[in-house]
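I have placed the structure first, in the form of structure tokens, so that the comments after it can refer back to it.
In this document, chain identifiers A, B, C, D, E and F correspond to the written order of the chains, with residue numbering beginning at 1 in each.
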Amino acid sequence: MSKIVTFGELMLRLSVDKKRLETANRFEVCYGGGEANVAVSLAHFNHDAYFVSRLPNNSIGDAALRAIRKEGVKQDYIIRGGDRLGIYYLETGSSIRASKVIYDRANSAFACSSLEDYKFEQILAGADVFHFTGITPALSENCACLVEKACKIARKIGVLVSCDLNYRKKLWTKEQAQKVMIPLMQYVDICIGNEEDFESCLGYKPDADIVNGKTDASGYKNVFKKVFKDYKFKIVASSLRESFSASHNGWKGLLFDGKQFYESKRYDIQPIIDRVGSGDSFAAGIIHGLLSFKDMKKTIEFAVAASALKHTIFGDFNQVTEEEVFKLMNGDASGRVVR
Amino acid sequence: MSKIVTFGELMLRLSVDKKRLETANRFEVCYGGGEANVAVSLAHFNHDAYFVSRLPNNSIGDAALRAIRKEGVKQDYIIRGGDRLGIYYLETGSSIRASKVIYDRANSAFACSSLEDYKFEQILAGADVFHFTGITPALSENCACLVEKACKIARKIGVLVSCDLNYRKKLWTKEQAQKVMIPLMQYVDICIGNEEDFESCLGYKPDADIVNGKTDASGYKNVFKKVFKDYKFKIVASSLRESFSASHNGWKGLLFDGKQFYESKRYDIQPIIDRVGSGDSFAAGIIHGLLSFKDMKKTIEFAVAASALKHTIFGDFNQVTEEEVFKLMNGDASGRVVR
Amino acid sequence: MSKIVTFGELMLRLSVDKKRLETANRFEVCYGGGEANVAVSLAHFNHDAYFVSRLPNNSIGDAALRAIRKEGVKQDYIIRGGDRLGIYYLETGSSIRASKVIYDRANSAFACSSLEDYKFEQILAGADVFHFTGITPALSENCACLVEKACKIARKIGVLVSCDLNYRKKLWTKEQAQKVMIPLMQYVDICIGNEEDFESCLGYKPDADIVNGKTDASGYKNVFKKVFKDYKFKIVASSLRESFSASHNGWKGLLFDGKQFYESKRYDIQPIIDRVGSGDSFAAGIIHGLLSFKDMKKTIEFAVAASALKHTIFGDFNQVTEEEVFKLMNGDASGRVVR
Amino acid sequence: MSKIVTFGELMLRLSVDKKRLETANRFEVCYGGGEANVAVSLAHFNHDAYFVSRLPNNSIGDAALRAIRKEGVKQDYIIRGGDRLGIYYLETGSSIRASKVIYDRANSAFACSSLEDYKFEQILAGADVFHFTGITPALSENCACLVEKACKIARKIGVLVSCDLNYRKKLWTKEQAQKVMIPLMQYVDICIGNEEDFESCLGYKPDADIVNGKTDASGYKNVFKKVFKDYKFKIVASSLRESFSASHNGWKGLLFDGKQFYESKRYDIQPIIDRVGSGDSFAAGIIHGLLSFKDMKKTIEFAVAASALKHTIFGDFNQVTEEEVFKLMNGDASGRVVR
Amino acid sequence: MSKIVTFGELMLRLSVDKKRLETANRFEVCYGGGEANVAVSLAHFNHDAYFVSRLPNNSIGDAALRAIRKEGVKQDYIIRGGDRLGIYYLETGSSIRASKVIYDRANSAFACSSLEDYKFEQILAGADVFHFTGITPALSENCACLVEKACKIARKIGVLVSCDLNYRKKLWTKEQAQKVMIPLMQYVDICIGNEEDFESCLGYKPDADIVNGKTDASGYKNVFKKVFKDYKFKIVASSLRESFSASHNGWKGLLFDGKQFYESKRYDIQPIIDRVGSGDSFAAGIIHGLLSFKDMKKTIEFAVAASALKHTIFGDFNQVTEEEVFKLMNGDASGRVVR
Amino acid sequence: MSKIVTFGELMLRLSVDKKRLETANRFEVCYGGGEANVAVSLAHFNHDAYFVSRLPNNSIGDAALRAIRKEGVKQDYIIRGGDRLGIYYLETGSSIRASKVIYDRANSAFACSSLEDYKFEQILAGADVFHFTGITPALSENCACLVEKACKIARKIGVLVSCDLNYRKKLWTKEQAQKVMIPLMQYVDICIGNEEDFESCLGYKPDADIVNGKTDASGYKNVFKKVFKDYKFKIVASSLRESFSASHNGWKGLLFDGKQFYESKRYDIQPIIDRVGSGDSFAAGIIHGLLSFKDMKKTIEFAVAASALKHTIFGDFNQVTEEEVFKLMNGDASGRVVR
């Protein structure tokens, strides 16, 4: 059991299924956010997962707190204050109709964090891993500074730093992203990115054809090698999604430790119930693998199987146990009922 | 059939019933706002009701537009732009537990309206009534200016101005309210307020004991007389709520035309399904009465019966016909099924 | 355990709660109809209750059949054929807003029954009671003829005939009703009517003030006496409803056996969950009392308690056991949880 | 922005998913009908779409009116009257279980329209297109006459006439259909039909193997050529559905302008959420293409992409924007989330 | 129309979809159990299907009774008593996530049946078939004795005995199963088993690769032949499932009458809505085929088509008519809407 | 902030509203149990509340754990094991129809606790209060022994012992209860009971007329005095419920500290949303008052106001803050919306 600290924003998610957002008369309510999602996964893998954030001091902030508490995430370092919880609206896609996300997260309690809000020395003391995503520094200048501050302290006291690049074009431009993300890479040990992240955040172009839904692991290998030349990463990992439709994806992963490439088994996922948070569950799988298995092949297989399962569960959170992931890794994707 | 123009904010309402906001896993979705609610009532009374506002150019803005369109409100003067639709969370109370409202409306598309957004000369041309509430000028300085601008034009071209004082202590202080509202009163013909509004917005203290849920029409009479001395109102009207509990209210109204007091029948409403928007449905009833009946007694009875019905309907909007209001006014509150 | 036969129409009921019919995006589905409701109550009191009707030979007809079968009603004499199942839309009222019923039952499979469809000699053989309501003869001329035919056979072979007058002004006028109903009374042994039925169907005016929601048992006594003079009834019974609002009623009953008046205890019912079918559950209680208790006082108390409970249960059907009715009759209306 | 007039019936749709109609305890409520569906699509493409029909003057009629009003359809020419709104029950199929439709639309307000109800001279004045489907003349003799009347006027005043043949075997036989539809063809400019329509309504047999779910565009070409010989159509278009299962279809389209055949891209749609209304959305796409693009290839691609999207949205109505259709046409069917 | 008797446990099923059991805030309620499911299917095929069981004398027992009554199953031999109804929790799987069943059925009213509870002479008199599954004897020693008793009587009075081996590893070990099941086989005429049952219950290993989701009819043939050597079965039948995922299965069947193998058409089922009860619907199809068609080929085709349809319907019960099964058997799996 | 330990069973609650249990097609899922409910209340009042129990090691046990974790209850001493989670079915009553509870809790993981399962020395170390109810010793002999063991340790190390007598006639007889409960009283400091508990558990008859729904504080005083003579309690407290109906109760409380009687304000609660758990929220209020206010009057007022609020919230848990209770105590029961 390790101590992992994640830092980021937790949002209210309002989603609708089978209908358009315009016509919804009910929203399903859940809560999610990149770093919180990683903490939830790790709590389900029995780690001491601490989520660090700032939530408004009202019922919606309380609801967000309850949402991660029930998943077993530690909330000791959560700060209360600010005006509002960020929101994202999700229209769940189907077949040829893509899912649609509308952000309403400006001026959130977290984005308005002040520089003194978090005592990272204390928070990171004794931690094994500090994890953030590229979303956090995109939220505000203060958030970017806070990430940098946390990274520096982590590096200083020997905490592994994990970063999921997670480029969000609705939050910033490639130029803005690169200006902030590139300097942060010096602190990072575990670098995770999906298809477009390496290009948008760090300026490397993967040779993957994203729009047409085809991804080829070989295209990633050059990027990974270049990245390793430029930064002192311990590992780089990427999930590879084949987007046949909003309901049907292929899913596998690639990990590079500077010496060897490890490519996972491929899963065919159809139908997809909820793909939001799948990248986060992949990152959590990588972190869990590194902490628990010390076996790169097993790590990438675990991360991919865990995140494949995420696609079949409603909500941002990947509520699966290590045992369930092992069962899938070990070959049983047949969906047979046990009774 | 008259042309009525209302100007204000339309919000997404996210509500939960029987549970706390903290524990909601679904929100009922509807849309509402003081001035939009008045327009909806008037559309149901077969007027040409125009709602003027600014909605974000995204699916949530579209949803808001659809919400009033389906009620028959005219949307010709609605402007699209801005970042977000304001939100209010509603925890519907019951018995001794009051309903709870959490606003998340800062920086809404409407509050960020610029001074040039609305062409009031055009909008108000041919209108019979212009209606606003004290909420609109509370939202931003620009909104306050826009209200003033609209009032001036209305006065100039002979459009009756109706104002529901509608004090919201979560939006501004009494001092702020009075500074803005008092100067606006010179343009107002129809002034509507509930118990605390005359004090908070205009500085008159009604002799009503609000906290204990008892209201006495006689306490209002002095206030109304004073108000008439200070301003050139055509009528002043107030709904009088007896708050026995969140589920049980007494409801009646008082109208003063400078000469005579008209006190309505009293309704006992139990259980209350949704009291949000009842004040707006009262204001709409007053406006409709003035335009259609030219009979003060009938006007106040209509307004009170219409708004009594609102308490029994889910949502902000009072979806009742004139015929249904007449039926209740004429004495049938027995709830017998017609078949 | 007795054999009881009821004859009438079973409809699809589409209902909405807290909202207007105009705004419903879901309808709760159940099935009901005066005579079917009586059969359901009697099945719950462990009688062999046969419902006789005609249902369309499609999925909606099947659904209707399932609805009464699950309640334990015998369906041996149900005929399949015709084009459609009758429908009624129900907007459940609340407080001062009355429930609203919209019938869409014209040309139903049952209303289009032909005169040869039912073999009443066979159906009524061995029966203890034949029950119909004033709704059935109102549906079509054929239905009126069929009721007459069944009554004659019942009388001939010694089956008690029970009639709930049940005037429906949306189906026929008073004149039409009286023309059909008065001649049928010669066959009737048990005559049940609520406040307005005796006037509308038979031409007797009860001295009850219906619109104002006040009913006085004494006003009924003269009507009952007159009725007994004119017809050879064995008993006449009436439920007496005080309609304070759609959510709050007083409820009691009066029974006359030609010699003595039996007035029941009064129940205060608040809130009312569903008052549709309460009259039918009262009629079923009377029939059950006559068959099982042979005690007029116990009969009226049972009928009133049973139908009081109906007001608290969703749907047309009164799903209560004899034991539950006895518990209420014997004084426990306190609503205390047993555990 | 063009003025388009569609004329037909709007029905209440009561649907159930994953269960049989027999076991439904809730119906999802929406409203739909061939011509209304076309109007809705066109309103979403920013045209002035007028739906002409007759709705009962009750809450269900009001609900139907609200349903199209919220979509932005103009209702100026809607007439109120008649007894009932037609209904269709929909059991949504899945995989090898087909969807099931039960009509209960006889004697609807629209089917009972009288010949004087609609002033087509006025209604069609200034219109660009008049659209009807083969359903309307199948409903009643009056409806057939009204369609003919409208067609004549349209032709006279230069309004393009669009007809979706839309054969419904539950409404009439092939013989009845051909007797009515063939004479109407002289007025038609845009003729749309799916696989079986040309045979059933006009007597041409497409060489498509419908039962086995395989359709071949080449089989259509001969039919289209023959049709063009017999009538003075401007264009003929057909959607081509490959029915692999209730959940999985292939979808493409073919258009002929008398000179050239235009065959669209093919979409693989899996899972299908709601295929009802897909034909109507195709027709609307054709009309929009003709009015806006004046490019046959773009027109058929637009119509097919628009109607492919319809399969993924609950309800009869295709709530998509032109921009969304373009996005799909231009190749992005990968279902990737934009955020 | 034949009389068929089935004997076993009926459980409350509490299910959740798209979410984990851990996070459910609502359970869908239905009732099911191997033998009850068979009775329901047969009732839908218009047989007199009697389900024999013991249900607790409380509301949950009543609910279970209602559940089969509404399906048309005869309940004349159901006994009331005992403490509780058995429960099973069902987390419906999707894609690579398998469905999960948690049993909470120990000490159920049925498992605690005493040996005198059922008068099988009476129950089986006049019956054509007696059906049980391997679940019943696994529940308790008494249940095993009761099955043996029923089998002996059935054999004695010439009632065909049908057994679905239905091995449940959560209820007993292979050793326990074989000890009980093998001796029962002497009474069995129709023996049905899925892939693993012949091995677990009777000790024969099918040559099917279950875990990898591939099944090959040829592998079964040797087992069937061996089985026929050892026992005096009239027929042996097996459904063959290809488990691609929880949402996608191939489905066919194999029947052997001692002389010839009959292999059915194969269905591709995607998506699967609810596969629970599919084996039972297959068994019911076999029984119906034997009783009605006396044609082995038609029997296996019917059983497979019927049970293929089951996968598309929510709940344990296969609510399909013979006509619907014929339609699918005869080749229409295209899912086209009929209207 | 104090440490409070509660020990008891946590059950799955399956509830239905407006319908009978027999007809439910959905159950609302929540979790509750006397001692868990107390812990939840105290966690909301910001104490370190530890709930001690045994939960099965399956998804339903996990769900129960999540349910209290999300409320902020500490779960450090929860043990996993056993076969099943106890269940109770709840039919929520209305008006004259009482709520109905069906227990299915025999053989639960908790009831099957072994004597070595809990290390009470460790668990109680540093605790301020140990709380149990009369339900726990009623569940099994082991449970009774465990309670005694915990009480002895608590007394020894100076932890206050609180006992809510909570007699459940479905679990044991008065004789059984008194045999176990009376000896436990020597360890108890805070003794809480509702109307019938003092009689059933300890043999004292309160002078309250329970069946007729009238309770009189004066009747309690003699009982309290006698109790104080017999045991060394620090305080005795009782909630006093006036049961007008299942939807309408009066609610107040009485506390005796051996010297003085403190009678609280009375609340009129109508409608009641969920009265389950109200006694537990009263007990929690007493404990919180003793720990935080050291003022008997304030303590009883707080406990009564807190538990009055419970009646208006769905579920077993009283999700209210100290601030909200103060607001009600201080007189605002008017249900006015704050905005």
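FYI, a contact is a pair of C-beta atoms (placed from the backbone, for glycine too) under 8 Å apart; a residue touches a chain by one contact, two chains touch by 3 or more.
Everything numeric here is computed off the predicted structure, so don't read it as measured data.
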| item | value |
| --- | --- |
| Superposition rotation for subunit D onto subunit F, Cα-based, multiple of 5° | 180 |
| Pair sharing more residue contacts (C-beta pairs) when A-F is set against B-F | B-F |
| Selected from E-F, B-F or C-E, interface repeating C-F by over half of its contact pairs | B-F |
| For subunit C paired with subunit D, centre-to-centre distance based on mean C-alpha positions, whole Å | 45 |
| In subunit F, residues with contacts to at least two other chains | 20, 22-23, 25, 66, 100, 270-271 |
| Touching pairs among all chains present in the structure | A-B, A-D, A-E, A-F, B-C, B-D, B-F, C-D, C-E, C-F, D-E, E-F |
| Residues of subunit C defined as touching subunit D within the complex | 14, 20-30, 58-60, 62-63, 66, 83-85, 87, 89, 91, 100, 102, 104, 106-107 |
| Residue numbers on subunit D that touch subunit A, as the complex places them | 267-274, 308-309, 311-315, 319, 328, 331-339 |
| Touch list for subunit C against partner subunit B, complex | 18-20, 22-23, 88, 93-101, 103, 168-170, 210-213, 243-248, 270-271, 275-276 |
| Contact set on subunit B toward subunit D in their complex | 66-67, 69-72 |
